[in-house]
């Protein structure tokens, strides 16, 4: 008889249930299967009504983040073999509202992400005839780490500050703000400072550090936030000591 | 972001779990974090203890001798041992989190973490040695 | 700048306090909290201690150490109360108690170290 593993999967059907429940499924165990493969097996063979998000199944799209045995994980990169003999519990990303089964509501994150202007801001675009904006490898290296973020929101699911105060702008949004702040082509640092320096910006962070630990792309949002606290403090003292320079 | 979190207008009846008051006890990493934060209480305790000692010192040799005798109470010894533990937790976590907060770049490269942690330890040893020498030399 | 938050000042005090506390408190607490009272080591005599403390540098170091340590506590403890106990609605009270306490302790330290003979 082939080996199997039991999955305990969150079910929440808002038209039927007030609260999420668990449903168990027995799926074949294969060494090369990740949790997402098991979910796809359930969807295809056992229960077509199970809802969850996924797309690329190779750690790039950031869609398949879920809680696997209580830890925020990309299910496409989490092997079943690590959870043998099971059972393994699959839940929607915590601290987010649940829409259905394993699907969370992410509009809050999208709005916050947009608020930090995660794109290159120029005061003045230089004419096309002057060519591209050049950048040295060293300049690229200063922000490259932060640019690896795939918006999978695992860091939000690891952040107790976000859990306790959903107004907190959160790890990924701040790391991405830093990605553009440190880009030599960008001139939007001052516009972002107003958003990030609010209490719900960087100051709500208490440096738990879990965001960095769960990040599948080694972005280090915790580092980005602490570094920005230093920047913001320097700016504060600068404008305090030299008020004529503040706008 | 001063208004409540925004969700899509025509959302279904989504479910939002309440965060437990004991959220920090659910995960070892969270518990370590809370212990680290609580170390601040013992830092404050030390400041108060120091101020009491300065007051006794200002009160003359008898007052200071009384303070020294008071410090021998078992309950204070126990409290001090506990405080020392937490103060060490603070010192070690502080040194090791330093490289995260400071991204020092030299010659176009980020300075490796241990090169930022190491000077902290050296400064710690130097400061401790100087204080011990000042207080212990005869 | 839109609204100026006072967080940078509080955070700067917290960080400075964290550094000072990490560097100086362990050895002092070990000596005065354990080694001297338990008789492992001989404490400096009264007059030597007084001379050390009333030296301008001694006063300064002790003042900075006590004050910054208290501000370090104020900041961390405030956030621990917010998050650990979920009592953010008591925001103003906690803010006042924590930083007010640190400010009072600073004033007291200043007074005591100023007036010591």
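Every chain is named by a letter (A, B and C) in the order it is written, and numbering of its residues begins at 1.
Just so it is clear, a residue touches a chain if its C-beta (ideal position, glycine included) is under 8 Å from a C-beta of that chain, and two chains touch if they have at least 3 such contacts.
Quick caveat, the model's predicted, so the values are computed rather than measured.
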Can the chain contact pattern be summarised as a line, a ring, a star, a complete graph, or none of these (other)? complete
Of all the chains, which has the CA centre nearest the overall CA centre? B
Just give me the whole-number Å value for how far the CA centre of chain A lies from that of chain B. 29
Report the inter-centroid distance (CA atoms only) between chain B and chain C in whole Å. 11
Whole-Å gap between the CA centroids of chain A and chain C: 37
Two-or-more-chain contact residues of chain C, please, as numbers and ranges. 79-80, 83, 86
Among all residues of chain A, those touching at least two other chains are 160, 164, 198, 206, 229
I need the residues of chain B touching at least two other chains; which ones are they? 19, 24, 37
Which stretch or stretches of chain A touch chain B in the complex? 12, 14-15, 19-20, 70, 94-95, 97-100, 105, 107-108, 111-112, 115, 136-138, 141-142, 160, 163-164, 166-167, 169, 198, 200, 206-210, 212-213, 220, 222-223, 226-227, 229-230
In their complex, what parts of chain B are in touch with chain C? 19, 21, 24, 34, 37-41, 43-44, 46-51, 53-55, 57-58, 61, 64-65, 68, 71-72, 76-77, 80-81, 83-84, 87-88, 90-91, 94-95, 120, 123-124, 127-128, 131-132, 134-136
Give every residue of chain B touching chain A within the complex, in rising order. 1-2, 4-8, 11-17, 19, 23-24, 27, 29-30, 33, 37, 97, 100-103, 105, 108-110
Under the stated contact criterion, what part of chain A meets chain C in this complex? 160-161, 164-165, 193-194, 197-199, 203, 206, 229, 232-233, 235-237, 239, 246-247
Residues on chain C engaged by chain A in the complex (per definition of touch): 1-5, 7-9, 11-12, 79-80, 82-83, 86, 88
